[in-house]
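Quick one: structure below, then a few questions.
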Amino acid sequence: MPRKDGRTTTQMRAMSATQGALERADGSVRFGFGDTQTMCAVNGPVEARLREEQLDRATVEAVYRPIIGLPGVRAKEIEAAVQTVAEASLLAGLHPRTLVQVTAQCMSDAGSSVAATLNATAMALMDAGLPLRAVPAAVACAISPEGEVLVDPTAEEEQCARSQHVFAFDNTSQEMVFCASTGKFTAEELAACHDLCRAGAAKVHAFYRVALERKLAEEGIVA
Amino acid sequence: MASFGLVSQVERDFVERGVDVGIRADGRARDDYRPPRVELGLVSQSDGSARCQLGDGTDVLVSVRCELGQADPAADDRGRLAVSVECSPSASQRFEGRGADDLNTELSEAVTRALTGPQSGLNLRQLCIVPGMHCWVLNIDAIVLNYGGNVVDALLIATRAALADTRVPRTVVQEMEDGAMDFEVDDDVENAQPLEHVHNVPLCVTANKIGAGYVLDATLTEELCASARLHVTVNSSGQVCAAQKSGDGAIEPSLLMAMLQAAKEQARRLLEQQDEQIRRHETEIAAKRARGEPVKRPSIFV
Amino acid sequence: MSSSAIVTPGQRLGREHQYRTGPGTYVRNSVIHASIVGTREIHSAAEEGELPTISVTRGREQTTLPQVDSIVTGKVLRVNPRFATVAIMAVGPTACRDEFQGIIRVQDVRATEKDKVKIYHCFRPGDVVRAQVISLGDARSYYLSTAQNELGVIFARSVAGVPMIPISWQEMQCTKTKTVELRKCAKPM
Amino acid sequence: MDRRRVQGPETSVVPFPLLDDAAPGVVAPPLQAGKRAGGRRPEDMRPIFLRTGLISQASGSAYIEMGRTKVACAVYGPRQIKKQQGFSEQGRLYCEFKFATFACKKRRNHQRDSQEKEFSQVIVQALTPSIRLEKLPKSVVDIYVTVVENDGTASCLAAAITAASTALADAGVEMIDLVAAASLAYQQRRPEGDAPTGENTREAGAADLVLAQMPSLGDVTHLLHRGPVDWAQMSRAVEQCIDVCAKIHAVMVHSLREHSAAEQ
Amino acid sequence: MTSPYAFSAETFKRVQPSEYYRKFLEQDVRPDGRAFSQFRKTILNAGCISTANGSAVVRIGDTTVVCGIKAEVAEPTLDQPAAGYFVPNVELGPLCSAKFRPGPPGDLAQVVSERLRKLSEEYIAFEELCIEPEQAAWVVYADLVCLNHDGNVLDACQLALLAALKNARLPEAQIGEDGIVRAGEAFTRAITIKRPILAATFGLYEGRSLLADPNASEEPLLDSLVTVCVDDAEHLHAVWKSNGGRCSLEQLQRCVELARIRFTELSALLESSAADQ
Amino acid sequence: MSEQTFVTPAEVVTSDPSFMRGHGTYQEGKDIVSAVAGVVEQVNKLVTVRPLRTRYGGEIGDVVVGRITEVAQKRWKVDVNARQDGVLLLSSVNLPGGVQRRKSESDELQMRKFFTEGDMVVAEAQAFFQDGAMSLHTRSLKYGKLRNGTLVVVPPSLVLRSRSHFHTIANSVEVILGLNGYIWVCKRATKAPEEMDPDELYANVNEDISNQERETIARVCNCLQALSKRLIPIDYTVLAFAYEASLDRETKELLEPEVIEAVTTEAVARAAMVNE
């Protein structure tokens, strides 16, 4: 049953990424799935406060600002997600006793905003030139009341979905580094979502490459 | 001075030995209480006020404001007291930072403990305007202008005098057509009434344990050498309204009873002196009113 | 002879002239009281004429505080030219639940040629050191010293991250890459 | 409202009882001669359950139940002073007393109010005389008390002091004596041992007394009395509290011995 | 070649925690003697606090959580005029562990509170909490105080929350024409729970070994934490995977199976606690 | 300008360019203008304005009484009732075991064996750091740790600078008039500092004080408080006269305002007679 905006169930919206959007940040990317846009800035490695300093690795500090209102308890859970993705990709051991600050700001939410935030984080870490052992890619999906798995759902699809899922996958081992599924679903549905999102993540990884090549071309480094 | 609150081991030993032989640093005996100097009715814009100066520097100002408030559902036929104690910058600056907060909490709780509940002795029903709806709230605001030791005693002396000086505006209650009760406040100062049973309000005397003995009305240095303090609040019918130990030392039971006894006796003497002074103040006001002179004094320092 | 009975703080153990007071006890107006929960032990005196000593020992480990002259084990957190900051994790044999902060000043690193010490040749962040407390120091940290042979670095990882073994009192060698790094090592016990 | 917690409505209120216009509600049972609600004689104490070591993460801990009053206490330390107070040869005690939000009849909020701050100060002052602080230079011992159920505010404070002292002993902090604390309410002119003094009995002229004492050495470490009472009644009440402290001390010793034996 | 210096076991655990732990796992055993997929002993005691509408105490191993339910009345929100409120909050104070400092809730406490709230949308009947649409609705405050944090707080909190909700009784309330809500003396009305949902948490050590119910000393050494919430009809209601490590689908499905077995254990406990009410 | 002229801030003191500008004044154009409210004083060509009440400024060579507020690296901070705490360096203190002992490493670590927070000390101002803090020393044997008595605090401007600040009253009580307004009243030490063996020098133990001496110390303290309440400049002579004037009354009566009035007026009168 085609979706309201004409996409098939596994078709994702067009992705967009503008890198180096902020002057002051070491790395900054504005990533979007269709109308959903999230800006993420990375600062580091900078000097860590005495209390946070760890002697054998860099301390990662994640901050998430929602689009409306003050950051409350819900923002704190998304911050934990951003922290997970950053810890999964950063080679923290190379910069001991330093601090890496990751600040994400949701610009507009038209569905799968958390996935866009995680992708913006991954790209911002690359834009900041930090040493990474892997680059995660996140894709969201929702199970409609009729039981169909809709990849990269819009806001209304999320609203009336029976359950919502966000998966992030690692570009090297294709294994899951982050997962947040809520609602009512069966184990088989979970497996189905996992596989569909992994396929989606491969597309996102491909998009990373294209976006980076385009940026390097603009800067005249790569012909 | 930067070294407020510091005392050396030798000074502590000097004071303790002095208390043991009954000769304090200023020659007083153990339970000599320096007479407090109290002035009433000196803050014009409050409904009742008093200032108390004690010993070598303690200076406290208390003002009572009557405000209309919502009746407390648990006690809907009574008004209530709201106590708050502040150290003015001159006094608290010497405590620097955290010190002032702990002192404010301790002083506020000591005065609140003496006045809230039945122990204030006041007839709180007099403060009720419309049962369950409106009542008078007596805001008791105290400021410690200068900290010279024995501040809790000064606070209670000033509070009792301020309550005696308080006049509650009269209220006229009418029954409206739809059964709701409404009231008007008669703001003519002349026919505001005094508080009933105000002489029941208790006073506090602090006994400081120094070495193996105790002293009343301690100076600043004596307070620093005291290992424990006992605030005993007593009302004019000789009942102990509140008692509270503070400080980090322990007190032998026998010494504890002796301190309670001495503080109770001294409180009785203070109550008599103060009642005498309040009577003199009342007759003075009555005479002034008879002569048509203004009752309120223009400034605090006149 | 040692009679064991569990005593609690404040419990009277005897009069002053009966025993000498050992750890876990105190005297107040010539009566010996227990100051911790534990078993009472009476050890007969070494030589004649001496009073037996009474002490109370705790079942569980006693959370000891670093005192002057106690040997502590800690991890080096930061190194700057004037001192190395150490997180004290164990006092004597017992590990302490929370870390205390100590510093090894450059003049207390070793006994010989005190003024020619280069501290980064002695300690690196992450090393585990055994040191002796020489003073309660200031409000923030205890003052430690490694100016004896059996004090100094007892565990260190090489740049390659492999545990190293000491080959002299100031050199350690990485077992994998065989590179030699400079440390002020403790003599292996 | 507090951004760091899940948000409820701005204001919420306890619904009024249906009592006034519905059938007359049940009136508190009249006090039989000499007996109190709960059938206890005036000088009886509520049964005490005291257990140490329930909180494994803490250096020392104690959990106490006096009748329905339930208090948990954990001791951490001695550990380094975090805040930048100056150097001190002597150790310091720090206490945080908190009623759980569901502990009292009327729900309390998460932030600590002035009564809880005052109780924290009282607990520090009641325990400091018993601790050998000179053995803990430059360190602080943190005491955290949470009241799980409050059946009488005075009895909560007494239970907290008793539990804190037991927890300190369990943590191995050197002390010259344990501190036992007892609470007591003056009702109808006769002091009664350890009565529940819930908020509503406050108005009925009831006064209460909390007394903390070092049982082996005899010294009183804290006294907190509230409400108008004659002198003779008060001195008798102080003696009665001291007797109750002796009983509570026996329970403390028993639980410390039992747990330290189980430890071996 | 181990280093020539001998450490006491305790000091070795403090100084080199991960080596200490790896030495145990190499022999397929955990420091506290449990098998990899074994949960700690769980104790549940409901209805022990008289001042709360509903209460429960849960101990999983040493982790102890007390849950208290207090109900008050408030005006419903504009966008959901016929729904009551459910406000779960977890207190991870300095009492339960040396890791937490005094003051407002830290990151972990906020994340656990948010997860409990998200989960509650699946089993709380909000419409039954409404007394009078647009005028008055019940506010069910569920406060969970952690008395001892020895790892895996989320499982203990969810079990305590469900037991307390089952134990909770509200008075009959109606709104008078004067707009004031009055409540009866007897506490008879229960809070309906659509379906019991319980959580089970697992840890992955170096991507290989799957450890059930990690305690406080194991938690920092695990490179990923997986929490699975199941109900009585084999449905899943939440799957969270955090910390930076990698986790394959097979490992995730293994967690789901173990979670189902754990659910049967815990729901038996839940029934027995409600029974002896 | 023989009689004492009183000036308020911003009043022109003199516009004669030959005068030199001193404390309490500033230059505006060619006029010397007063910066404080106080009394104009002139020494040859130097014009200064002395304010009535101010925190203690301090000169080199002043004898001051102070309280140790902080123990830092190789130095103690001392509260001397001035704008800033004074500093007592470890090197400017005489160490137990005679003057010639070299300062050793362990001294630095055991600073608290000499002075600790709260200890009272009498010292001499030897220099000023450029931030204005006073550097103190106690190298002479009449300076060092104070014991056997108590402290009286008076406004610093009342203590007159005189030849010696160490006096004895009723040959049993010693008074040290600190120029910074801290006055130490104590029992006259039976053992002179020279005879004290090293560890007694910094001991925190008082000698036994008889009741009579204690009564005298109390009386001297009350006299000092009395003079200070009436803002009467304090030196040895007026204090001795006040003490004698108070002998016919009980010590504690000296707290009452009327008694203070009588004793101080009599003391000032007798002191004035002696000065002529």
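Things worth noting here:
Every chain is named by a letter (A, B, C, D, E and F) in the order it is written, and numbering of its residues begins at 1.
In the analysis below, a contact is a pair of C-beta atoms (placed from the backbone, for glycine too) under 8 Å apart; a residue touches a chain by one contact, two chains touch by 3 or more.
Going by UniProt, the chains are A = Exosome component Rrp46; B = Ribosomal RNA-processing protein 42; C, F = S1 motif domain-containing protein; D = Ribosomal protein S5 domain 2-type protein; E = Ribosomal RNA-processing protein 43.
The structure presented is a predicted model; accordingly, all values stated were derived computationally and were not measured.
With contact taken as defined at the outset, chain D and chain E are each touched by A, C.
Distances between chain centres, each the mean of the C-alpha atoms, put B farthest from chain C. Of the two chain pairs shown, A-D and A-E, the one joined by more C-beta contacts is A-E.
In this view the innermost chain, defined by its CA centroid being closest to the centroid of all protein CA atoms, is D. One inter-chain figure worth recording: chain B and chain E are separated by 50 Å, centre to centre, where each centre is the mean of the chain's CA atoms.
Put simply, the C-alpha centre of chain B and that of chain D have 28 angstrom between them.
Separating the centre of chain C from that of chain F, both taken as means of CA atoms, is a distance of 47 Å. Between chain C and chain E, the centres computed from C-alpha atoms are 41 Å apart.
Counting partners per residue, chain E has 98, 110, 113-114, 117 as the residues that reach two or more other chains. Counting partners per residue, chain B has no residue that reaches two or more other chains. The set of chain D residues touching two or more other chains comprises 4-7, 16, 76, 79, 86-87, 130, 214, 217.
The touching residues of chain E, counted against chain D in their complex, run 48-52, 55, 62, 64, 66, 68-70, 72-75, 77, 85, 87-89, 91, 93-98, 102, 104-105, 110, 113-114, 117, 139, 141, 143, 145, 147-150, 171, 173, 180-185, 216. On the chain C side of its complex with chain D, the touching residues are 6, 8-12, 24, 26, 28, 33, 35-38, 58-60, 62-63, 65, 97-101, 136, 138-140, 142. Contacts from chain D toward chain A (Exosome component Rrp46) in the complex involve residues 3-7. Within the complex, the chain C residues that touch chain A (Exosome component Rrp46) are 75-78, 125-126.
Considering their complex, residues 2, 4-19, 22, 25-26, 54-58, 61, 68, 70, 72, 74, 76, 79, 96, 98, 100-105, 107, 110, 142, 144-146, 148-151 of chain D touch chain E.
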